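Once you scroll down, you'll see the structures, which are given as structure tokens.
Each of the next two complexes has subunit A plus one more chain, namely subunit B in the first and subunit C in the second.
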Partner chain A sequence: MLKVILRFANLVVLTLLVLSFFSFLLAYMFPGEPLANLTGVVRGNEQQLEALGQLYHLDNNFLVQYWYYLAELFDGNWGLSFSSGLPLASEIARTLPASIELSTYALILSMFIGLPLGFIAGLRHRKTTDYALLSLSVLGYSIPVFWLAMLMILGFCLQLGWFPLSGRLSLLYEVPRISGFILLDIMWSDLENKSAILIDALRHLILPTLSIAAFTTTIILRITRRSVIETMNSDYILAALARGLTPWQILFRHGIKNALMPILPLIALQFTTLLTNAMIVEVIFSWPGIGNWLIQAIYQRDYPAIRVGMLAVSTLVVLFTMSIDLLIRLVDPKKSKVERVAI
Partner chain B sequence: MSRFKLYQEEFHPSPLQHTWLEFKENHLAVGGLCCFMFFLFIILLCPIFAPFDPLMQKTDAILIPPAWEANGGIVNVFGTDALGRDLLSRVMYGCRMTFGISIILVLVAMFVGVTLGAVAGMSRGVRSSVMNHILDSMMAIPTLLIAIIIIAILGTGLINSMWAIALALIPQFIHQTRDFVRQERKKEYVMAAKLDGATPFQLVTRSILPNMGEILVVQGALALSISILDISALGFLNLGAQAPSPELGTMLSEGIEVAYIAPWSIALPGGAIFLMMLSINLVGDGLRSALRSRLIH
Partner chain C sequence: MSLLDIKNLTLEIDLASGWVKALDKINLVINEGQIHALVGESGSGKSIIVKAIVGALPDRWRVTADRMTWRGQDLLTMSASERRKVIRNDISVIFQNPKNSLDPLLTLGEQIKELVPTYRLESFWFWQRAAEREKIAIELIHKVGIKDHKLCMQSYPHQIANDVCQKFMIAMALVSEPKLIIADDPTRGMEVTAKSQILKLLSRVNQVRKLSVLFVSHDLLAISSMAHYMTVLYCGQTVESGKMLQLRKRALHPYTQALLDSAPSFRKELPPKSPLSSLDGTIPTLQHLPIGCRLGPRCPRARKECVVVPAVRRVHEHYYSCHYPLHWDKK
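This part shows the complex of A and B:
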């Protein structure tokens, strides 16, 4: 067990090193001065630039420079944004929680819908219900997420006027930022009209969450369905049936647990797809998350921001998937690694 | 000529026939295949069928509704957009651009991926282990994110986004090929070829790859739908194809500005992407389950 953990730690460190080296290289690959791309300081006076150059040891060779770049990264000194001039670390700290929040709610929502429907489809294998759900799910994962979001805006915001069009919160309210997760912040704050603010935040959340969740729900439905079919066809279910258990007893005593075990990690891995979909949807709904921020950075050629944003998102994704991987390996040592999603 | 069975002959279809027989049972998948053929037909013949030039602007015919609405005209069947361009022609050329480019990208990615995957699958030792680990962590990062990063480096534009998507699609082909080659390398028929003196190159090209065709088609369908989604998403975010070119995602983002008064200008291009994705996914699903049930029997 210790060996497994050590191997994973090794792998994580290696991957993160590769990623950070890549982000360091980006400073050279982007147009413009490497120093400006590393620090975000464009219009400094000469002494300032010289001091910064010494900080990053730009006159030494590549590896030395990388070493000092890493040191600066660990110090939390990630450079400044070209467009806003603010430190990037605080910008990331502001935008990343918003994206994680959106993706988490979407994941929870799609699990609540996808898992039960997947069970129903799997239990009714090759019957009308199964075919209907399966066809619905093909519809769900064929629909491009940005088109769905636009249709929702067109229908629910412009035609019916049920939900607000953009942003996280109505401009009337101001919630002090503690964690960056809007719902938690509202709960923790001591404003007098808390429930009104909460309802407003929820109304802003509904459309983005739904449009992201549509894709993931269908994927979860299909994964669950396949797993349920495989579980219910196995020998121990037959044995339980022969022992005289009713179908419901079999489902609750043996079916659910055994069907869920192999797919929970697969579902957790959907988080990364969710994050990319969230990045697109954020742009449409002007959600102040990392995707919106990163894409604005590309429009404005804000190279330090792209460098750090890419590092932050890929680190998050890699850390997340690897820890899920590790967890599975620890819980179930027989499994060598997570299989790719089979739907 | 009618053939009636005198004897209880057994019919042994070849693997390919068997897959087709299974596939044919699934009516939805066959419908998807027809739709897929329809799109192929359009992208090949759109210069003949498109009524107008997709870039031609008619200033006296701005935002005409489609023909099925009360004040629409039959000249522009799908109506026109904010610059008076015929939407039907634009959607047809858009299909050509989005779908056609995706097919090319998938073929390129498949070629590169299968080559690298075969090398990775045949090699052993530390080098292959390092390569595999890096590959596995690459697989975890979604393609669109990789594409966005690459575009951030190269700059926006259609050609750059094509590079980005092709690069982002390669890892899954490598992965699939590598696993397949590993698994087949242990089997007897490969061993037999090896005993006949086949070099590793001959082993891969003559013995292993011919067995991989169907898996590649399924994987290719998956990659095709990913690549269509990514190309149109990048076009939609203004990172891929740029404004006047008839790319479906770009058309969608142009349509946003007039979405309220001209909902058809986002409904039709989006619907085209949706139908394309739907047909590809249906065919992919059908093939997958046909393969699965063939392997069971």
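This part shows the complex of A and C:
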């Protein structure tokens, strides 16, 4: 067990190093001078440029530069944004939780809908229910996320006026920032009209969450359905049937566990797609998340922001998928003990 | 009284080319305390019969029978839950591949304890019941010849050897104290010592507990020493059935004869360097079944009449279905 954890930790560290190296290289790969890309100073006088060059150790070796870059990263000194002039670390700390929050809710929602529906479809294989759910999932699968988000705005905000159009919270309310996750912050705060704020935040959340979750739900549904069909046709399920267990006993004692085991890593992989979709949806709903922020940075050629933002997002994805993988690796008895028992 | 009585069991499978009879009018009678061997080549439908008996067939296959009764109760007309109750209490199955028929994510102990029927438990509280289940499981594991019950119960199916796994499957089959054990090729792919252990175990179970055993196999050698009664199957048709000794002494159907001849140990005067006998050709696929007697194209004695399915004929306790049985020559 310790060995497995160590191996995974090793892998994570290596992957993150490679990622950080890429983000370091970006300064050289953007058009223009590296120094200008890093600092934003294009026409400075000699002395100023030299001082800045020394700050970034530009006259040193490539690897030495990377070393200093790593040291700065670990110090929390991620550079300044061109556009706002604020430290990037605080900018990311402000925007990333909003994205994580949105994606997490979307993932939870799509698991809560996708898994049961997938089980129903798999258990009713080749019946009307199965075909109906499958065609629904094809529909959800093929609708582009940004288009769905626009349709939702058109329908529910502009036509019906049920939900607010953009943002995380109505401008009337001011919630002190503790964790950056809006719902948690509201719960923790000691404002008077807590429940009203909470409802407002939820109303803001619904549309973006739904439009991201639609796609992931259909994918989860399909993966689950496939896995359930395979599991329920496997020999041990038939054997359990032949031993006279009831269908419910079989499903709950043998079916669910065995069907979920192979698909959990696949679902964890969906987090990547989810985050990408979340970035697009954030722009449409003006959600103050990292996606919105990064796309603004790209528009404004804010190179340090792009560099660090990309690193932050990819680190998040890597850590998430790796930890889910590790969890499954530790839980699955088929993989845990390889040695055979002699009886 | 016969335990299981099957008459004209027919199973049709929907293939692209239309409905095909995978089993064609199978007859099988199993009496109490008897070891009944079901023999046939691979692909002759042995395992399908087993699945049809326990009802583990896909819904889209069509099963019909004139009679399929378990101690007088009709298995085909009873509801699914009644049938399951019968199977749960009276019939146990041991499968071909022991590892695949165990849940890979649960330990063996959990799986055997799950099968202990409630009526065998006396105590009321669940913790006492758990202990009782454990006791029953350990007892059975010892009975089938696994000494280290602790290790066995703790391990997962993939961790133990195939023959131990098969012994464990027999223990699982005995948990519900059944009347009939159906052993579907239990010694497949095992080496000789493991095989003879399993066979001995089964015949001991038969003798000690008065259990009937339906032994499905293609291994004549293994069967002949323990079975009382034998049914020979070819391509989904019952070819011949009768007492083991009688069949061995005087087979009436050319297929049975060919099957016996193909096992060298049954031939007494086999001169050195003589060719081993076998029927020409292979068993036909489901898409290309011959009409009439399905052995027709391969049968050395086939004649014009063989395109009609032969009726079942009977000589004392010995049933066969052939137009030109072997004993007619001798008249």
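A few notes on this one:
Keep this in mind: the second predicted complex is superposed on the first by the 311 of 343 C-alpha atoms of A that agree within 3 Å, B and C clash if a C-alpha of one lies under 4 Å from a C-alpha of the other, contacts with A are read in each partner's own complex, and residues count from 1 in each chain.
In the analysis below, a contact is a pair of C-beta atoms (placed from the backbone, for glycine too) under 8 Å apart; a residue touches a chain by one contact, two chains touch by 3 or more.
Bear in mind the structure is a predicted one, so any value in this text is a computation, not a measurement.
By the touch criterion defined above, A:85 lies against neither subunit B nor subunit C after alignment on the C-alpha atoms of chain A.
In the superposed pair of complexes, A:176 makes contact with neither subunit B nor subunit C.
In the superposition on chain A, A:76 contacts neither subunit B nor subunit C.
Of the two partner chains, subunit B is the only one touched by A:141; subunit C is not.
In the superposition on chain A, contact of A:294 is made with subunit B only, not with subunit C.
More residues of subunit A are touched by B (comparison of subunit B with subunit C).
When the shared chain is aligned, subunit B comes close enough to touch A:154, but subunit C does not.
When the shared chain is aligned, no partner comes close enough to touch A:167: not subunit B, not subunit C. Shared contact residues of subunit A with subunit B and subunit C: 337, 340. Within the complex formed with subunit B, the subunit A residues making contact are 11, 14-15, 18, 26, 29-30, 135, 138-139, 141-147, 150-151, 153-154, 158, 269, 272-273, 275-276, 279-280, 283, 294-295, 297-299, 306, 310, 313-314, 317-318, 321-322, 337, 340. The touching residues of subunit A, counted against subunit C in their complex, run 126, 234-236, 238-246, 253-254, 257-258, 261, 332-334, 337, 339-343. Those residues of subunit C that touch subunit A in the complex are listed here as 51, 54-56, 60, 81, 84-85, 87-89, 91-93, 95, 97, 100-107, 114-115, 146-148, 151-152, 155-156, 158-161, 164, 172, 176. The touching residues of subunit B, when paired with subunit A in their complex, are 28, 133-134, 136-137, 139-142, 144-145, 148-149, 151-153, 156, 175, 225, 229, 232-233, 236-239, 249, 252, 256, 259-260, 263, 266-267, 270, 273-274, 277-278, 280-282, 285.
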